[in-house]
Amino acid sequence: MGSNKDIDLIEDGKRLDGRDFDELREISIDAGVLKRADGSAYLEWGKNKIMAAVYGPREMHPRHAQETTKAVVRARYNMAAFSVPDRKRPGPDRRSTEISKLVSEALEKVVFTENYPRSVIDVFIEVLQASAGTRCGGLTAASVALADAGIPMSDMVASCASGKIEGEVVLDLGKNEDNYGQADVPVGYIPRSDELCLLQMDGNLTQEEYEKAMEMSIDACKDIHEIQRGALRERYSTELQEEEITKASEGVE
Amino acid sequence: MKEMLSKITEDYLYRLIKEEKRIDDRDMFEYRDMEMEVGQIEPAEGSARVKLGDTDVIVGTKMEVGDPYPDTPESGVLTTAAELIPMASPEYESGPPGEDATELARVVDRGIREGDAVDTTELCIEKGEKVWVMFIDIHVLDFDGNLLDAAGIGAMAALIDTEVPASDFEEAEKEEDYSLPIEHTVVPVTFTKIKDQLILDSRLEEEKIADARLTISLNEENEIVAMQKGLRGVFDYESTKECINKAKEITSETREKVLNACDRENL
Amino acid sequence: MKEMLSKITEDYLYRLIKEEKRIDDRDMFEYRDMEMEVGQIEPAEGSARVKLGDTDVIVGTKMEVGDPYPDTPESGVLTTAAELIPMASPEYESGPPGEDATELARVVDRGIREGDAVDTTELCIEKGEKVWVMFIDIHVLDFDGNLLDAAGIGAMAALIDTEVPASDFEEAEKEEDYSLPIEHTVVPVTFTKIKDQLILDSRLEEEKIADARLTISLNEENEIVAMQKGLRGVFDYESTKECINKAKEITSETREKVLNACDRENL
Amino acid sequence: MGSNKDIDLIEDGKRLDGRDFDELREISIDAGVLKRADGSAYLEWGKNKIMAAVYGPREMHPRHAQETTKAVVRARYNMAAFSVPDRKRPGPDRRSTEISKLVSEALEKVVFTENYPRSVIDVFIEVLQASAGTRCGGLTAASVALADAGIPMSDMVASCASGKIEGEVVLDLGKNEDNYGQADVPVGYIPRSDELCLLQMDGNLTQEEYEKAMEMSIDACKDIHEIQRGALRERYSTELQEEEITKASEGVE
Amino acid sequence: MGSNKDIDLIEDGKRLDGRDFDELREISIDAGVLKRADGSAYLEWGKNKIMAAVYGPREMHPRHAQETTKAVVRARYNMAAFSVPDRKRPGPDRRSTEISKLVSEALEKVVFTENYPRSVIDVFIEVLQASAGTRCGGLTAASVALADAGIPMSDMVASCASGKIEGEVVLDLGKNEDNYGQADVPVGYIPRSDELCLLQMDGNLTQEEYEKAMEMSIDACKDIHEIQRGALRERYSTELQEEEITKASEGVE
Amino acid sequence: MKEMLSKITEDYLYRLIKEEKRIDDRDMFEYRDMEMEVGQIEPAEGSARVKLGDTDVIVGTKMEVGDPYPDTPESGVLTTAAELIPMASPEYESGPPGEDATELARVVDRGIREGDAVDTTELCIEKGEKVWVMFIDIHVLDFDGNLLDAAGIGAMAALIDTEVPASDFEEAEKEEDYSLPIEHTVVPVTFTKIKDQLILDSRLEEEKIADARLTISLNEENEIVAMQKGLRGVFDYESTKECINKAKEITSETREKVLNACDRENL
């Protein structure tokens, strides 16, 4: 959390961008937006712009990283050089290495990895524009990309953070709230099994605040899950439509 | 993880080309649909996303205040980098830029630099002491051939879109941001040679069977500012002249599209 | 060179856990013998060696005068690094830190940083110009599980042990060394989940069959300052609450041990 | 091209070093100068001093880089730290990476690579002293080294640049001309087939100037080709002489 | 050797720390101190604190580094970041690369490597606190760790330096003596065969001084060898005791 | 890609050595033809190319103005690097220096540095602020054994050849270039041990069967300034003394050759 400067983040019971304490920023997701990838999703979440792509299951290289009884889910989180105000030097840094690890772990739980021994399922998350909450956005988009790739899953992971600003527990911190707030708790949630597959926290929370934050996040994740499902429905219906058009036009010929 | 085409696909493609036909029914010298979105990336000083069919490239510019090179104390500094991220193709791997990414960055860079697209002397803040340093970052999201044109066009558009962030840097000694001083609009076009046939805007499958390519960058006065032959095949001198002639026509159309997409007045 | 447990060992361990027993007869929520040696490394500004059974970790701090980050001109700089040197385990390899070492360093770092263990504003020497830069280096000598606690406890102890070497640095503008200004004593505890059973201070064999872990760092007021779920398994929300409750008790005992080992008065 | 300072590069219709517009700097090539390499050539071109060596065909490592139907020509262009006024940091940089790629591509065309499937032919170019035109010099020397190694080739590549200084098209830019000139066009040429296997250009040329430059370069490449062939003849005759001396001395015994 | 400042290092025929010219700093060695390693030793030598560990013989990776007729001894010398007054950046540097090579070479001579073809014996030396003489300390500790690992050896290598300060040849330079002295000669010695397996020197010595230094070092190495053997005896007797205790307690049951 | 000798060649070489003979009929302690070209590389401040038979090494020096090390504020800085480029041997690979190149650079460096070849105090421009930084770069073109001597001799010759480029650096505060201040001429000689036989200036095949080597660097007063035993074999103490005795004779001949090749008066 930030340098705790005396910056007002709440006015008249609302946040500076007008949101209520338990209100998400706007989220939209498009599935199937890339051609080369086996699955993909593009997400806008507030000012975040994030692309996720999935390749696989495919043979794992290097071989010694293969697992004999299951596929490995290998996520790579990356920020474009121009995605942040101060240019990000290309290549992984410690932060992105950690996020890549956590996202890999969070996704593996929902994928039926035992179907594909010795394989790897590569998940690439590219942050094109960053504005607080990119790991949650990336995990959310990646789940949709996995589904778009047709990879058998028990559920999609929905992800969202809540935190504390000016002593209040609020949902989905924006950029200033993240910089000047007091705590941040990103969560990855599997609705069907009611389980947490990502959980981090930093800042300062009492146990009561923690519980309030978690309950907010879990509720929000359920909403996000609906948006994810909507993106897939949209995608399939487009595909269906296209098929129908093709059929129709074939009929014409 | 280099992908190969099947023998059948390869033969089919050769047969098509011989009959002067293409997989998507385009003419030999026709671009795919070109979509350009300019200025969509807020944290970037300038940005452009260029789609050529399924090829999808984002170029962003970032500027900061830094040191000039000792041998050009009165010029800003330009740096171009390209990442062929593994999202864009199953053939790309994580890690530092390989020779393909390096060539891509350098060809785009030469067009911009040698074509004097930017008036770098106006990016000098204090002679020999501090200048604007500009990063042009090329990010390939989806790869279906002809990266050189998509990236080169995107870079020119991103430059035109760039606002110098003077108000963010005390050292800049200006209080207001201003548009990047553009001197020339440089646009590349790449010809791909398959057997004896030249085509434009090659798709991935076409590049798999390509012998050579020739990239030509022209400015608005039809002067040649950069060229690059690539791949393991050859060109004869006569066909390079032919390409230059064609390039004039093609790049002026492309230039038009770039300027339209950019919506900038003072050019 | 990842080591596997034999199927028999694995089954045996699962059976034990099911019966709420452990290989070394410990209780589910009992630490192994914890040995702490503080201040044994002379060239370090502060140091602590923590043994949890056979797990053996040394943490050392070094300080030098350097530049502040532009966005925190009035704060000292904290950097935490971990090396999983190949001495400590046949599974560790030489080379730059991998993702396990990176996660270890970052989790320890977050506890220290977000828990305001050090009053970094007191490490500012001249606003925006020079500050103390502190390196926390985690060196694992022998690995028998639960690195996160050993390293986190060691880091807190090493910080408490740290003398700011003001007399060595002209730029420090002080003539005498002084104890590092400690604001909070932050202590982590890590719960390991095997099937549905939670245990504390897991040994190597237990980690081999673990589904997930949850690290919780608390300060002396029982406020949560950092958490991290690790591994490919999950937690349900209820059990995280359970863990937090247990963590209060456990960390206050650990904190007591740290303070005793450190023998520092002005806290 | 350089910073376009107002520096005189032409006086009285001659260039500063006294050359005519279409005149090459002095070039000398020695073949077979290294012992360990399978083939080698040492070239001096104006003030450039360049060594080229060839190893192979030999088994390609790493294996996944092997091609099943042909050999790969893999060139590595490198500048010695002391070859330029400002010390060059050891190791490849972006410029040398690009040149290595272009030289590899230019040479592969003339080598009968299909004779050696799964092999690699390594070409090493070391610039010991640099003074404009090192890529052309390196490519020219490398061709001789390949021939010296006895590798079957359809022809040797000759390489040379031309460019523009003070508005005039001239051949083979020298160091100052390169720094302060207006355009540079390095060319790799295969005389037997009249084809271009290397072609780059930067600066500013009209089509007419381009044509003038190319015609100059192609003519010059034919001359350079003669020098290359001379180096090989010299090499073989030395070898022959040595053999004869050996025979003679054996006769004496 | 250091910057030759005028710093007194000898007073009244004694060194500043009270030692005689031919006197070692205090040395203690404990064998078998780590659990995971196959063998280990912890050494304190003056203010040096050094841990050594051995893994193997085990299969050599990467495969192409295997030797078909013998094991490779591969030592890695590393300094902890906090082991020296100015923080040492993690990772190998040129100095540690050279020491690792020399220690590998010094140890291979005493190990019966031909017993383990295609294998590697990894030796890790971690300097936790450095105070002049860490390569000798590391080599000495590593020998004990090899023996502790039960690896068949012809002898243990004992190692020690001597040097010159204020014109006098002295044994086992301390930190200031190393910084401000005139020469340093680290030696690795195999008592049984009376051979030198490590020998370096830097500074300035006449041949006479060299001989004096060497003779001092070789004598000292014999003493160090006793300390090494003592550490092993101690280790075995502890093990024996433990076994007896176990037996006794089993008897009780 | 380590090359092996065939068993037959190996046996032949051993038999020769036993009879005190060598493949090229040299004496045991005889150098191959030594060719030295000094000052041929113009952009270098100093340079020397040394050929020992087919071994071919170029050493170049470069100087620039930079910061002194904090602990030697009144001394110039010396850095030695070696590249075993893959041109020189099928066994060398591209990439950062391995342990052989590192040892080579460090042994050469120690001879120069510990032998006070250069008076580095004269390379101080402004105490604690700016000094001359010198790079000695060793470039191996052709490798047929005994790199240590070729590189060490070349480095000494290149240093003697070096002109400090004061006129190129404003910060140097001198207007004219001047010869590098040489204090001692340090020359190495390397003995190679095969079974019980010592030889000088080993060729590649001899090094393939060598047990150990010993490099001894002497100054013009026959003082030992650096030694290094290499390879996996051993020396006994008596033979090191023998080597030192022989080294005096040999290095004084070599020193003569270096000085003759360098053609510098003020030494």
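Every chain is named by a letter (A, B, C, D, E and F) in the order it is written, and numbering of its residues begins at 1.
Everything that follows uses one rule, which is that a residue touches a chain if its C-beta (ideal position, glycine included) is under 8 Å from a C-beta of that chain, and two chains touch if they have at least 3 such contacts.
No experiment lies behind these values; they were computed from the predicted model shown.
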item: If a chain touches subunit B and subunit E alike, it appears here; value: none
item: Co-neighbours of subunit B and subunit A - touch as defined; value: none
item: Listed chain pair C-E, A-C or E-F that repeats interface A-B [over half of contact pairs the same by residue number]; value: C-E
item: Geometric centre distance via CA averages, subunit F-subunit B, whole Å; value: 48
item: Chain centre separation in whole Å, for subunit D relative to subunit B (CA means); value: 28
item: Distance from the mean Cα position of subunit E to that of subunit A, given in whole angstrom; value: 52
item: Chain centre separation (subunit D, subunit F; CA means) in Å; value: 31
item: Multi-partner residues of subunit C (each touching 2 or more other chains); value: none
item: Overall pattern in which the protein chains touch one another (line/ring/star/complete/other); value: ring
item: Chain ring listed from subunit A, with subunit B in second place; value: A, B, D, F, E, C
item: Of subunit B, residues touching subunit A in the complex; value: 1, 40-44, 47, 54, 56, 58, 60-62, 64, 81, 83, 85-90, 94, 96-97, 135, 137, 139, 141-144
item: Subunit C contact footprint on subunit E (complex, rising order); value: 34-37, 47, 49, 51, 53, 55, 58, 61, 76, 78, 80-87, 90-92, 122, 124, 126, 128-130
item: Complex contacts: residues of subunit C adjacent to subunit A; value: 71-72, 75, 99, 102-103, 105-106, 110, 113-116, 214, 219, 222-237, 240-241, 244-245
item: Residues of subunit E touching subunit F in the complex; value: 1, 3, 94-95, 97-98, 100-101, 105, 108-109, 185, 190, 193-207, 210-211, 214, 218
